Structures are given as C-alpha cells and as structure tokens.
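Each in structure tokens, the structures are laid out below.
The following pair of complexes shares a single chain, chain A, combined with chain B in the former and chain C in the latter.
Here is the complex of A and B:
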C-alpha cells in the first residue's frame, strides 16, 4: 500500500472516530452516563494519535520525495534541504489544514485529560464541541482538500518538481506559521470551556481557572507569531517596515485584540464576579475571529499578496461554518443571559474594574475597526459596485491613538484600586509615575527641539516651526511620555513588593527578594514584566515617526547622505552557489567620516525561479536605530545600483520588547507546583 | 451600574468626542478608488484632482527611462484602452513588460497620462492556486 492510499484511509478513519467521539459525548451528557463520557474521552485520545499518524505520513512522503502525491509535488523538490521538506508540511493550503487538525486534536486531548476530573460535568460538552470543530476541518481534508491526493498519472518530470518558493525557504517559515497556528487553534479550548460552562449553567470562575493557562499560552503564541511575521517581512522583503496592514496580516491581528481583552477581563470576573457576559462574548469572538482570519486568508475574498488565492468553494464552506458558530454560540449565551448577571456593580470610574472595562471597549473597537476596514473593499465591490483600496494611512490614523489609549490604560490600570480608589491612594500611587512621565515628556520635547535645530542647520527653531514639528510627531511624543509613566508604575510596583519582602525577611538580598516576588505572586509580577515588554515595543514602534527613507541610484564611488550617516558605494560582487546566482553591493556606512560598518544588500536569482529574484536586506543594527539597505535592481555593465535606504530609529526595541514579553509569559504560565499561593 | 449620572454623562461625552475627533480629522486619502485603465481612459473627468489606483497590463516595448531624471515612461492598457504612465520611483522587483501593475497616482490635466510614485506589480506568471507559492501567513 502506498503512502497516498494509507494517508487517505487514515483521514477517513479519523473522520469516523471524530464523529464517534461527538456522538458518545452528546449521548453521555444527555444520559449522564459516566461510561459513555469516558468512551468519548478515549475517542478524543485516539483522534489525537491518529492525527499524529497522518501527519507523520505526510512528512514521510516529503522526506521520501513521493512525488506521486500532488501536494508533495507542488511544494517540494528532491534537492530541497531536509529542514524545508519538513516545513513544507504546513507550507501549502492542504497541508496547513492537516496541521490545524493535528494541533486541535492534540490540544483537545491535553485539555480534556487535564480537566476530566475537576470539571466532570462540563467535560462531555467540551469534548463534543472541540470534536465538532475538528470534524469540520477533517471533513475539509476528506471531502475537499486531501493532502494525500495522488496524481492519476504520475508526472514525467522526474525529480524536479515545482519546489517550495525560495522566499519560503528560510528559518521564519519554520517558526512563524506554527506559532500563529498554535495561538489560533489553542483559542478553541477556552472557547469550548466557556460554552460548556454556559451550557451547564456553571458560569462562575471555575471554568476560567482551567483555561487560564491555555489563554495565556494562546495569547503568547499569537503575539509571537504576529511579531515573527513582522520580523520576517522586515528582514526579508526589503520595504523597510514590519507591518503594512495587509489583509492577511490583519486577519491574524484581529483575534489578538479580543484575546487580549479576554485575558484581562477574566481577572475581573475572578475577583469580583463581574463582566461575565463580556467574558463569554470575548471568548466566543476570539475563537470566531480566528476562524474569520482563516477564512479571509484562504478564500480569496480579500486581495492580498499573502493570500492563498481565490477559492469560492472554500469561501462558501467557511462562510457557513462561521455563521453557524456565531449564531449557535450567541444563541446559547442568549438562553443563559440572566444567569450571567454580574455579582457586583461598578462603583466608580476611578476603579480597576472601570479601567478594565474601558480596556475591553477599546480593544473590541480596534478589532472591529480592523475587520471592517479589511473587508470593506470587498463589500464595496460586491454591493456598491465601487472598487476601492484602503491604505495604511487610514489604519494608522485610528489605530495609533487606540494604541496610545491602551498604553495609558496599561499604566493606569494597575495603579487603581478595586471598587473605588481613595484620594490618598490616588496620590500615593500616581505621584511618582506622573512626575517621571512628565519629565520624560519634557526631555523628549527638548530632544525634538535639538533635532529640529540640527535639521535647520544650527538655526534656532521658531515657535511656529517647533509647533509644526510637535504636531507632526504628537503621537510619538505622547507614546514616549506614556512609556516613561508606565515604566515608572512597573518599577514602583516591584520596588514596593521588594520592600515588603525584605521587611518580612531582612536577610534577603535585592535579587532574592525580586525572585521571591516572581515565584510567590507569579501572575501579578509576571504580568508586569509582560507589560514592560509591551511598553518597550511601543517605544520601538514610536521611533518610526522619525524614520528616514531614500531611494537612490548610485554607482561605485558615489556617496549619499542618510540622516547622520553617509553611505558610500564600494562596489559590486557577482557570485554563485549550487542554488542561485547572487549580486551583492558593498556599501560603507560612515559616521563623522569613520567607517562603522559595511552593508551587503543583494539580489538572488534562484535557478529554479529565474524570473523572480529575491531581495536580500542588509542592516547595521544599533540600540538607537537600524541603517537598512535593500537593492532593487543593478546593472553590472554600468555598475548602476538602485537602492532603498532607511534609517529606522528604535526599531530593535520592538524585538527586545518581544523577548522581555516572552520572559514575562514564561513566568506567568510557570510550573504546576505553586498554583494556590498567588495574589 | 452604580455610577452616578454625572459620571455616566461624562464618560459618554468624552468617548463620543474622542471618536468624533478621530473621524473628523481623518485625512482624505486613506480610501482610494481602484479602477482599471479602460475606465480612466473612457471617463477621465471623474479622476481629476485626486489620487486613485489604476490597474493595467504593461504594453510590451513601451518602457523608457529618462536618463536625466530617472523617470520611467511606459504605457498600460486594459481591454484595448491605453494610458500613458510617468513613474518616478524605482521599479518593483516583479515588474515586467506584459505583466500586470497597479499604480497609485494622479491624472495629468490633459487626461491621458498618469503620474505615479507608487506601483505594485504581479509577475506575468500568475500565483493562483499554487500551494506554497505565496507565503501562507495563514491562520
């Protein structure tokens, strides 16, 4: 039996098993039969095992160069490095669906296993709900997009198939899609538990405790996946930025907003029994929006360089699935609406509850704004017969202030007390951060004055010029001020926590006291570290406001000015390896006449794709900025080189912030041991 | 909610003002009309005075570059209607004569030429449904 047949059969069995688990779980819930429920749990484990088997089959097919399978033929090449053969698994549409099924099956098994005793009443509903979602995707594999589909007649071209696009043969292909998938697929788990809680009427915090870690896990991988996508674009594509508000980028971002809101809003329910309706709605929306994201990317409904291409059949199938999820989920919520009443009331706008509610509103608004703006062109074309495109400026105009609002809430939220913040508490909490924030703002405005003076060639700027400069950079300046404010709040929290720890145990060193905080109150201080990471990212993003871009055509020997630097064309090199031809430009980066680095932007012509050369970016990275060069075209006979040159101030703080954020997440998620001793 | 009426009113006013401010201060050119070259040729009056996106196929052998200014001159066509283009930026990686391009620009007062500094180009071989061809940043 060949791989194609074995694989197809395993998918069919997978479908049947999944269907069985749904039936067993539903029956078990209805008849309250522990045996039937246990059977459904076992079926869930079996589904995971079989999904793993099917996945290993497709990987085997890649490694064995089984080009009788269409999917392998389209996305692989016998000459491809082993590494990329494995990643080709999720490189194309069919395989990515199987990857989805694999992840969902494994997550379902893990989630059920971890919770089957603690939440015995909810488990059957969790099982059938997760299995139903899984069934949809397995159904897609079986009936519409089988990755094991063989050719009827094996094509005659021997070992040279189309192969994976060279743009995809880099390390990011290994980590960006899986990270994003891990984030999306894992959102199904909190969703299933949320729905199970509503169905069984157990709407208090119990369900959230079981999914708290999952939600943080989802959020971390979603965030990481999105940032890796941005880093990939920045390092590989050569247009000098990391986010373009492209529809597929947006598809990934939209669920992130509601997931972030959910993550925070849960704390309010846990602490005060409020926002239950918000929380079920947010978890439904997060999951639903992740499917919307998949739909947008795969259906061809939106135009994008990233999208898989038009597929009306898939569009219809996903569209119906989306409607069913939305109507079904909110229908159940509507049925249980009264049960989801809050236990307590909002007492004051100066309360943590209010700040979190504002947080919910801002994030929800941002999610729907991005979603609306992303699909508006399609709507406009279908219903108004008017084709339009929406540019970055439209997104940035609304999203930047939204981001500033979030930054503000991030600083203010932890300082406010529950229920109502007293005046003394306000003073005590806000005084130092406000001072630091104000100082930061003044310093930044002064720096802007100095920079403007430099731009004017040493002349003192007039009030009008200064005003114009401030207006042009108002959001960046606000961001910097708020970064100062928020960092001060985080440091203040740590300082106070450490003071208390040392008071209780004077022999502790500062470091030990700090570590004790992280261990004992993991969620709180881990959360602060995550916030610190996010603040650093905002800092990095704000630098964009001061960026410089130049498009030039130079010959060897020419020099161009770029901000504080000079870029000198030192020459061109033509080289070749077994995969490609390369032309590299050597650019000297000079500052005050001194050579600080040599950039080597290049263009590569892969033999396999001679018409689609890739752009290789080169950067000089410092803490303060990147000097970034990408080569457009080059004429070897004249030496004439088209370059795009950028100064990207503070951009590396985005990546630094990401690492800090990951560290914070690791602390928050932590180990199993100390789950009780928190806050 | 146990918030006082004053608080609720205050919150409402602040929120609405913030949203109104954003909407009213919105720059005009965030949303662009997207048309094919034949529409522009047939009804140029509709496209004066504003930026728009025009989609067409680059006519073979029409590409010239002004050696002094670096500007590119070429012709795009759609359904037989031709439009001249003056493009003053660097050609995108995937530009090729015969291929499809989308230009963002303005129409010259004469109506027959588009001036543009922004172009995206699809290479002549279409991506379509090839799995693995475009980066699958999928969910």
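Here is the complex of A and C:
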C-alpha cells in the first residue's frame, strides 16, 4: 500500500469517526447518557490522533519526494531545503485544509479535556459543535481537495515538479501562515462553548472563563500572524510599507477586531452581568469572520497576491457553510433571547463599562467597514458588472480616525471606575495624563517646526506654512499626543497600584510590590502591558506620516540625496547558487559625509520560476528610522539601476510594540488559579 | 491501571516501536537513517496513538453496565438538580465578592470618593448577604448524607454544651 492510498483511507476513517462523534454526542446529550458522552469524548481524541497521523503521512511524502502525489508535485521539488519541504505541507490549498483539520482536532481535544468535568452538561454540545465544524473541513478533504490524490499515470514527474513559490521561501512566511491558522482555528473553541452555553441555558459568565484564555490565545496568534505578514511584505515586496489593506491581510484583521471587542466586553458580563446577548453575538461573529477569512483566501473571490487562486466550487461550498453558521447560530440566540437578558443596567456614561462599550462599537464598526470594503469590488462585479477598485487611501480615510478613537479610549478607560466615577475622582485621575498628553503634543509640534525650518534651508517658517504642515499631519500629531496621554495613564495605574500594594504591606520594596501586582492581578496589569505595546505600535505607525520616498535611476558612482542621508551607488554584483541567479547593488549610506552602512538590495531569479524575480530589500535600521532600498530593474550592460529609496521614521517601533504586546498577552494567558485574588 | 500510568506505558510503547522501526529499517533493509526515515517512524508512533484513541471509543461504549450506572448516577446528580439556578447564584456570589474587592482597590487608588465607595459598597454587601443566604440551603444539600448527619450531630452537641 502506498502513501497516497494510506492517506486517503485515513481521511475516510477520519470522516467516519467525526460523524460518529457527532452522533454519539447528540444522542448522549439528548438521553443524558454518560456512556455515549464518554464515547463521543474519546472519539474527539481519536479524531485528533488520526488527523495527526494523516498530517505525518503528508510530511513523510514531502520528505521522501513522493511525486506520485499531485499536491507534493505541485508544492515541492527535490532540491528544496528540508525546512521548506516540511512547511510546504501548508503552502498549498489542499495541505492548508489538512493543516486546518489537524489544528481544529487538536484544539477540540484539548478544550474538551480541560473542561469536561467543569462543564459536564455543556461538553456533549461542545463536542458535536466542534466535530460538525471539523466534519465540514474533513468533507472538503475527502470529496473536493484530497491532498493525497495521486496521478492516474505515473510519468517521469519528479524532474519537473513546481516547488514552493520562491516568495514563500522566507522565514517570516514559515511562521506567518501557521500563526494566522492558529488564531483562526482556535476561535472555534469560544464559539462552541458560547453556543453550548446558550443551548443548555447556562448563560452566566462561567463559560467565558473557560474560553477567555482560548480567545486570548487566538488573539495573540492573530496579532503575531498579522504582524509577521506585515514584516514579510516590508522585507520581501519592496514597496516600502508593511500594510496595504490587501484583501487577505484584511481577512485576518477582521476577526481580530471582533476578538478584541469580545476580550473587553466579557469583563462587563463578568463584573456586572450585562451584555450577555452582545457577548454571544461577538463569539459567533468572531468565528464566522474567521471562516469568512478562510473563504476569502481560498475561493478566489477577492484579488490578492496572497490568495490561493480562483476556485468557484470552493466559493459556493464556503458560501453555503457561512450562511448555515450565521442562520443556525443566531437562530439559537433568538430561541434563548429572554434568557440572555441583562441583570444590570448602565448607571453612568462616566464608567468603565461605558468606555468598554464605546470601544466595542468602534471595533465592530471597523470590522464591518473593512469587511464591506474588502468584498465590495467582488459584489460590484457580480451586481453592477463592473469591478470597482477600493484604494488604500479609502481605507486610511476612515480607519485612521477609528484608530485614533481607540487610542483615546485606551487612555481614558482605565482612569474610570466601574459603575460610575465622581467628579473629584475624574480630576484626580485625568490631571497627570492630560498634562503629559498636552506636553507631548506641544513638543511634537515644536519638533515639526524645527523639521520644517530645516526643509526651508534654515529660514523661519511663516504661520501659513506652519499651519499647512500641521494640517497635513493632523492625525499624526493627534496620535503622538494620545500616545503620551495613554502612556501616562498606564504609568499612573502601575504607580498607584504599587503604592496601594506598598501601603498594604510596607515591608515590600518597589520591585517586589510591582512583581506582586503583576502576579496577583495578571489580567489587569498584563492588559496594561498589551496597551503599552499598542501605544508603541501607534507611535511607529504615526511616524510613517513623515516618511520620504524617492524613485531614482542611478549608475555606479552616482550619489542621490535622501532626507538627511546621501545614497551612493558603489557597484553591481552578479552571483549564482544552486537555486537562483542574483544581481546585487551595493549602496553606500552617508550621513554628514561619513559612510554609516552599505545596503545590498537585490533581484533574485529562481531557476524554477525565472519569469517571477523576487525583490530583496536592504535596510539601515536605527531606533529612529529605517533607510530602505529596493531594486526594481537593472541593466547589466550600462549598470543603470532603478531604485526605490525610503526613509521610514519610527517604523521599528511597530515591531518593538508587537513584542511588548505578546509579552503582555503571555502574562494575561497565565491567569487561572489566582482569579479570586485579582483586582 | 491508572489513567496516567497507562498514558506513560503508551508513550514508552510508541517510542519502543519507533526505535524498532528505525533499527529494522537500518539493519534489516539497509535504509539510511535520514529525514524521511525519521518521518516514517514518527508516523508509526502517531498511528499507534490513533489506534489507541479509537480503541478508547470502543472501551467507552462497552463499559460494564454497573460502572456506567455509577457514572450516569453521578452525571444525573450534576445535571438533574436545578443546576442552572444554583450555578447562577454561585456565579453572582463570586461576581459580587470580586466587585467588592475591586471597589476597595479602586478606592485605595483614589478612583472613588469616600461617599461613592460607601454607597456602592453597601449595595454590594447587601446583595452578597442576600445571595449567600439564598445559596445556603442548596450548598448544605450538596453535602454527602453521612457528612450532613455528622454535622447535624456536631451542631446539636455544640448546642447542648452551650445550653448546659
């Protein structure tokens, strides 16, 4: 028996086992039969193990260069490095669906194992819901996209295998898709628990405690996946930016918005018993949007450099699945509508819950705006017979004010108390952040005055010129001011928390009090660390507003000015290795006449895809800015090189902010035992 | 055999099989120990796990009737009671107690005036007392009958001692 046959059999058994798991769990829940429920739980574990077996088979097929399997032939070649052969598993459509099944099966097994005693009544429903989602994807593998599908004839196929797209042979691309998949797939767990809670009528916040860490996990991996995708685009595509509102990038961002909203709104239900309907709706939407993301990436309904290609059959299947999820889930919510009523009401707009609700509305509005704008070109093509292109500027026009509103709420929310905040308290809480925010804005405006003076060759700018400059950068100035305000809020929260800890136990040192605060109230202070990371990201994003871009054609020996730098073309190098031909330009980066770095942007021509050269970017990185160069075209006879040169101010703070965010998430995810001690 | 012990036995068994496959391929067939060979050994291990897990379904379905009845009785105990109402009350108790702690922390941080702290805190404390009182009978009912009997005897003994 060959690998293709064994793999196909394992998928068929997987399908049957998943069906059995659904039947056993439904019957077990209906008859309240422990035996059937236990069997369905065991079937969940078996599905996970069998999915792992099928995945290990396809990895073996890649490593053994088994080109009798079509998927292996299309996404690998024998010359590819071992590392990329393993990652080619999820590099194509069929394999990515199997990877999806593997992750969902393992997550289902883990979630069921962790909660089967705590939520005994919910578990059979959780089992069948997760198995039903899994069944859909396994069904796709069995009937539509079998990754083990062999060639009917076995010609000499090893010699002309296509291999993994060279653009994807990049370290970021190795981590980026699995991160996004981890984020997408794990959103199924909160969905299943939310729906099980509604079905069983256990709609208090207990189910949220079981899924809070899962949602944080999803959120963390979605964040990581999105940022790594941005970093890949920044280093690989050569257009000087990291985010261009590409439909596939948006597909990951949309559920990120709703997951962020849910992480905030679940706190209101926990503390006040409010927003039960809202929270259930948010988990449904987050999961639904994760499937929308998968649909957008795999069906080809949107045009993107990242998409897997057009597949109308998949588009229809996913479309029907999306409608079933939406109608079924909200149908159940409508059935339990009265049970989901709130136990408390909003007491004052000057309360933290109101700030959280505003944050939720803004996040949801952003999610639906991005979703609408992403699919509008497709809809316009279907209904108006004309594909309307939505540009980056359209997204920025609406999303930048939305982002600024979120930044403001991030600074204001922690300063407000639950239920209501008194006037004296407002004054006391807001005074320092407001002063710091105002000082930051004034300092940034002063710096812009200095920058403008430099631009004018030392001449003092007129009021009109200064006004025009401020108007052009109004969002960046607001962002910098709000960054100052929000950082002051976070520092004040830490300082006052430490003061209270020290007051309660005067023997503690400052450091001990800080650590104690982080350990005992991980969720609150971990959340503040995440906020700090977001602020740093906003700081980096706002810097883009002051960027410089130049497109130049230069020959060896030429020098061009770029902001405070000069770029000197030092020459070209043509090299070759076993995989590709490379042409590299050497560019000297000079500041005040001194050589500070040599950039080496390049073009690579892979032998397997000679008509798709890749752009290799080179950067001179500092804390304040990046000097970024990419080579567009090159004429080897004359040495004439077309370059795109950029100064990207503060861009590295986006990556630093991400690391801080991930650190904060790790602190939050660690919460469990000390919940009672949390503040 | 306990569940954790059977787990470790399975881990040991799978590694033994993997080693046997590798040694067999290497010495028996003369295959070189490269990446595909290791992947094949790993696939064998995972296959053992998959078969073990499928066997788990059969075991669960063919569990002896008495054992199933005991588990089902426990489950019926968990499901049959007015668990939704009690769970909601417990949840509210936890939420109110946590809210009181939070209120104290926010007050200590200066986010609440003394007046607000007293007013809101009193309302929470009142609700906490109500919820705990509502919960008391059902929490007592949760005790094992023998333990409840023992507690009742203790109470009466304490009462008699106090009376004398």
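Everything below uses one rule, namely that the second predicted complex is superposed on the first by the 666 of 679 C-alpha atoms of A that agree within 3 Å, B and C clash if a C-alpha of one lies under 4 Å from a C-alpha of the other, contacts with A are read in each partner's own complex, and residues count from 1 in each chain.
The criterion applied here is as follows: a residue touches a chain if its C-beta (ideal position, glycine included) is under 8 Å from a C-beta of that chain, and two chains touch if they have at least 3 such contacts.
None of these values were measured; they are calculated from a predicted model.
K.L.:
Fit or clash for chain B plus chain C once both are placed on chain A?
P.N.:
Aligned through their shared chain, the two binders fit side by side on chain A.
K.L.:
What is the contact status of A:230 with respect to chain B (first) and chain C (second): first, second, both, or neither?
P.N.:
neither
K.L.:
In the superposed arrangement, does A:88 touch chain B (first), chain C (second), both or neither?
P.N.:
first
K.L.:
By the touch definition at the top of the document, which applies to A:433: first (chain B), second (chain C), both, or neither?
P.N.:
neither
K.L.:
Looking at A:496 after the superposition, I want to know if it touches chain B, chain C, both of them or none. Which is it: first, second, both, neither?
P.N.:
After superposing on A, A:496 lies in contact with chain C but is clear of chain B.
K.L.:
Counting only touches as set out at the top, which of chain B and chain C does A:394 meet: first, second, both, neither?
P.N.:
It touches chain B, and chain C stays clear.
K.L.:
Where does A:670 make contact in the superposed view: on chain B (first), on chain C (second), on both, or on neither?
P.N.:
Touch status of A:670: no partner.
K.L.:
After the superposition, what is the least C-alpha distance between chain B and chain C in whole angstrom?
P.N.:
16
K.L.:
Chain A touches which residues of chain C in the complex?
P.N.:
Checking each residue of chain C against chain A gives 35-36, 39-40, 42-43, 46-47, 49-50, 52-54, 56-57, 59-61, 63, 68, 71-72, 74-76, 78-79, 83-84, 87-88, 91-92, 94-95, 98-99, 101-103, 105-106, 108-113, 115-116, 120.
K.L.:
Residue numbers of chain A touching chain B in their complex, please.
P.N.:
71, 74-75, 88, 90-96, 162, 164-165, 167-168, 173, 176-177, 180-181, 184, 229, 248-249, 251-252, 255, 290-291, 293-294, 297-298, 305-311, 345-349, 361, 377, 386-391, 393-395, 397-398, 401, 551, 553, 611-613, 615, 632-633, 642, 644
K.L.:
Considering only the defined contacts, which chain A positions touch chain C in the complex?
P.N.:
17, 20, 32-39, 41-43, 45-46, 48-50, 52-53, 56-57, 59-60, 63-64, 82, 120-121, 200-202, 204-206, 270-271, 273, 343, 415-422, 424-425, 428-429, 493, 496-497, 499-500, 503, 676, 678-679
K.L.:
Give the list of chain B residues in touch with chain A in this complex.
P.N.:
1-3, 7, 10-11, 15, 18, 22, 25-27, 29-35, 53, 70, 89-94, 96, 120, 123-125, 127-139
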